[in-house]
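Naming follows writing order (A, B, C and D), and every chain is counted from residue 1.
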């Protein structure tokens, strides 16, 4: 049975299921309980995480397994790596992906490399939950979409759901994966709702999903931009153009086959990403198309991304900053030579 | 007059010139002097930097301007950012780019964003010198080529010279640039020698250089891989194929015009990078070609990069890990359909 | 001690910060503003007590809760208000917003959205004034939560090792977001952390302007004289939520009310300053009125000001000339 | 105190580390090996003094100077030697090299090329043993230089706040690469840094096995009993360069010779242990010979072992089953 749940509620449900099923799963991060140690004062989890995704866990699983941390991202992520390598299955929360600035090493030089540098003998089943993206007037240090950085690091997997149902299934799969996984939750989607199946299910990492079918152009999105792409597909349909919309879901491993199959069908591809343009997923998809999809291409691959600038604060600027339906439509028109 | 100098000596010369010309230039980093405070014991700069590039500076410019730091990368890079924003022109050394794991925030969230987030009113003339690349049996935490990460960050510039002469001219230009610049020095080139002009000169950031001319295929390299590409060009010449070899020199700003002009001429492009394959410069060049160079392309753009793995220690493995002349030649053959 | 004139000035600043923040709280809750606002209400005595010792050649770095530091360091109120409205006339052209207010001409080198990141930057400013021998000092403001960041540790160590003219103002308000300080460190008295760097430290009652003024004065004096950095822990409390919209719930009403009723820095200052014969209640009420008017004017001018144009998103990334 | 049998074991380990490292030094200088080698000669009493208290359910994290910690924690010598030769039979299949030796089955969770990075990992291991209630403890080894890293600070604070069974062994050898400790921090006695975390601390003579054994024993005991973490500063010295190939030059010969002549941990142990009637010189000489033979055998077997195949570069990145 599916119910309508918000993204946050779907994540919360996945965490409950994962902790119930496996005693080794623990949660650590800033304010994951929040005032969680003041049970004597009747305060259990005042916040339950900055977005509420960890609410109720401390009450059910206790303070041994749900730990508020000091504001020490590098430290507690390093702790999570050490715990993962020695038998726990930690879910660590880096509140905003921007904070990788103070927490990169445990991912870059530790979790990702342990298995390899120790000759295949380590397992680091760490999941790092983190919030990404712009659109909430949170300005440039709380709005980045830095998953390109984690995709670049061999040894990590990176996931970004676009719906509550996928969020639940992908989070369960991530927690149970024996590799370190960066799990990205999109800020502007946290309150959005969708049908979510009950019970325990996993969506395998590395599988994209075609969320709309159409033969004229492929729109590739991830997280929020799946929705922008769907809006653009509606607009394009009014022009008589049918778009395939591919939701990557997993950025590494990347489901190249699904992307290429769609490209083979349509001959045109626009990739939409709310990250900045250089050395990110959009460029990666472009490079994939030109390498393995060369024979399918009828038009240049277009990137619709944020500009190469920090995220501005002013609503007027931030709205302009985000990839929009209009920009996607314009890119498709450009591919078709409609506006030259 | 040009003389033959090593990479290290050319860098050293640039630092001497920059410090002499401008009192605001200061040097900070681990062991940039090394025992530099023991003048009383006759010890002035025992190391002069891990590779010797800062030798002689403390003797000439004093300990006020040449500062050994504690092993506190995030801290001293943050100090350098603060100093740059308030009127100094610091050259900070992060010994190996891998250490961005513990030093990213001052670049990611501070230096790069200050000008923008303060409404165009800040200048952050910071140069971060750092060592990149594999080939020296230094294993996976001292061998990465992470410049893709800094290219992705709006507000930064990223530079990587392939010859001692370029190293000197690019370093002088970087230090004098009013923006934060990540200056990458390739480990495996530090002892290589080349002609270096005397005196003070700058090579503007954002200009690639065509280091070999040929009409059949474009090989794009940077740092060490320029040399690998040149070797491959020699090998290709034996097959009767003439390669254009483009040395990017500056990764951001990227000299798109030079790359596209070469592609227009040759119709085929192979990009060679010693970094890992995803979300790096190689993919960026691919995405550039497919977007703005679509009409020029006669063949898929091929990436010759390191594999998506950490850098292995064993010499046998590390040699296999590195992009080689043979792999470049094979990629060109593949483009020509010679091996299908 | 301070003069009568200075006392009026101090009160004017305390009141400006308080009213500015309360106005923001109201407007935000009424849906008139967007963004992430961390208000300083309750902690005013710290910013004012410290900045009273500073002038334009001195630097201040701040954190996410930065409005008070900016106002006390003399950043233009209208420019700040317009910034918070995302207007083109904002002090940062609307590009930064609350967590990124800076005014380098005034020595305010930036609020900061990354906990702890402003601390090494203040040390960098101290390095600049030291190398350039300007006679200035640099002050970093940060919270109890920030003392658990690596950057706090690294920056204090560097400042102490290099004996730079830096002063570290630790505003211990007992919480980092929803987490009480005692769950983030094994003790709540944090001044002891200076010992790790053989650094001078002091503890001040952060609700009492006079105590902050004295302790910060000592620290700043030492720094100016070349005697090296100090850590000043100011015990304080924030009266509002962590950010506007915080459901709170992690602290009791009794705790809050105790601080508000008995230790509010404004009445505390007023009582003491009147007792000391420095000010009259009437003069303070006149200031109250002036401040209210000034803030209303700032709001009006911010509301009327134009938004940036969409194309402005692309400018100010690099120095291009 | 230790038994006679244990004393022989201790000496065997001290000697093994010493001879292993000296052999590497010779081979490296003769061009027989590649890589970056940071040797432990001079510091042996620390690793052995600490690890004598540990068993297989306990964890150790190490740093770039890790061979001694690995040997003392029982990692297979042949596997280590083969690793350093980059052979397929290496403990990490030749993929890690000197700075990445690990043996999770033995509780050695890794040498580490990033200064300070092993410290939170040991805290993570302490969290595991605490959540799983195995009765184990976790020990982090690191240098004086590492105490200036943010990760040191953050990790100690977390361990202390959560009262985890962790022990922090600070090997203060007076230098971080070429930079003397007193230019990297404003003081050279670093145990005081525990105070920032209300943490128990001890200082040991790192050249004296018996003193390290006693102090580390106290710290490990406390951890095992659930009394929380400790910081143990061991004053020590490295007899060789920072890495093989270091031109040194940053310290005087007198300084070096003083440590070597008067405080070498091997003769120090020998003298004391003989005085205490625990061992005879003869027995130790027999051990010397055995160790030499064992190391020669490890070298021979490493030299004969095959290199990995080039294709192996692609394996072991992800867990795939």
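Note that in this section a contact is a pair of C-beta atoms (placed from the backbone, for glycine too) under 8 Å apart; a residue touches a chain by one contact, two chains touch by 3 or more.
Just so we're clear, the structure is a prediction, and the values are computed from it rather than from any experiment.
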Label of the chain whose CA centroid is most distant from the centroid of subunit B: C
Euclidean distance of C-alpha centroids - subunit A vs subunit D, Å: 40
Separation of subunit C from subunit D, taking each centre as the mean of its C-alpha atoms, in whole Å: 45
Distance between the centres, which are taken as Cα means, of subunit C and subunit A, whole angstrom: 35
Junction residues of subunit A - those touching two or more other chains: 69-70, 72, 74-75, 98, 101-102, 105-106, 109, 113, 116-117, 139-141, 154-155, 307-310, 312-313
Per-residue overlap in subunit D, given as positions that touch at least 2 other chains: 90, 92, 94-96, 100, 112-114, 117, 148-151, 153-154, 157, 161, 183-185, 317
Pairwise touch network: line, ring, star, complete, or other: complete
For the subunit D and subunit A complex, residues of the former touching the latter: 59, 61, 90-96, 100, 102-105, 109-110, 112-114, 117, 119-125, 127-132, 138, 150-151, 153-155, 157-158, 161-162, 315-319
Subunit D to subunit B touching residues, read off their complex: 34-36, 83, 86-87, 90, 92, 94-100, 112-117, 145-146, 148-151, 176-180, 182-185, 247-252, 307-314, 317
Subunit C partner contacts - residues on subunit B that touch it in the complex: 26, 64-65, 67, 69-70, 72, 74-88, 90, 102, 105-106, 109-110, 113-123, 154-155, 157, 177-179
Sites on subunit C touched by subunit D in the complex: 148-154, 157, 160-161, 163, 183-187, 192-193, 195-199
Complex contact set, residues of subunit B against subunit A: 74, 98, 100-102, 104-109, 112-113, 116-117, 139-141, 146, 148-149, 151-155, 252, 276, 278-287, 289-292, 294, 297, 299-303, 307-310, 312-313
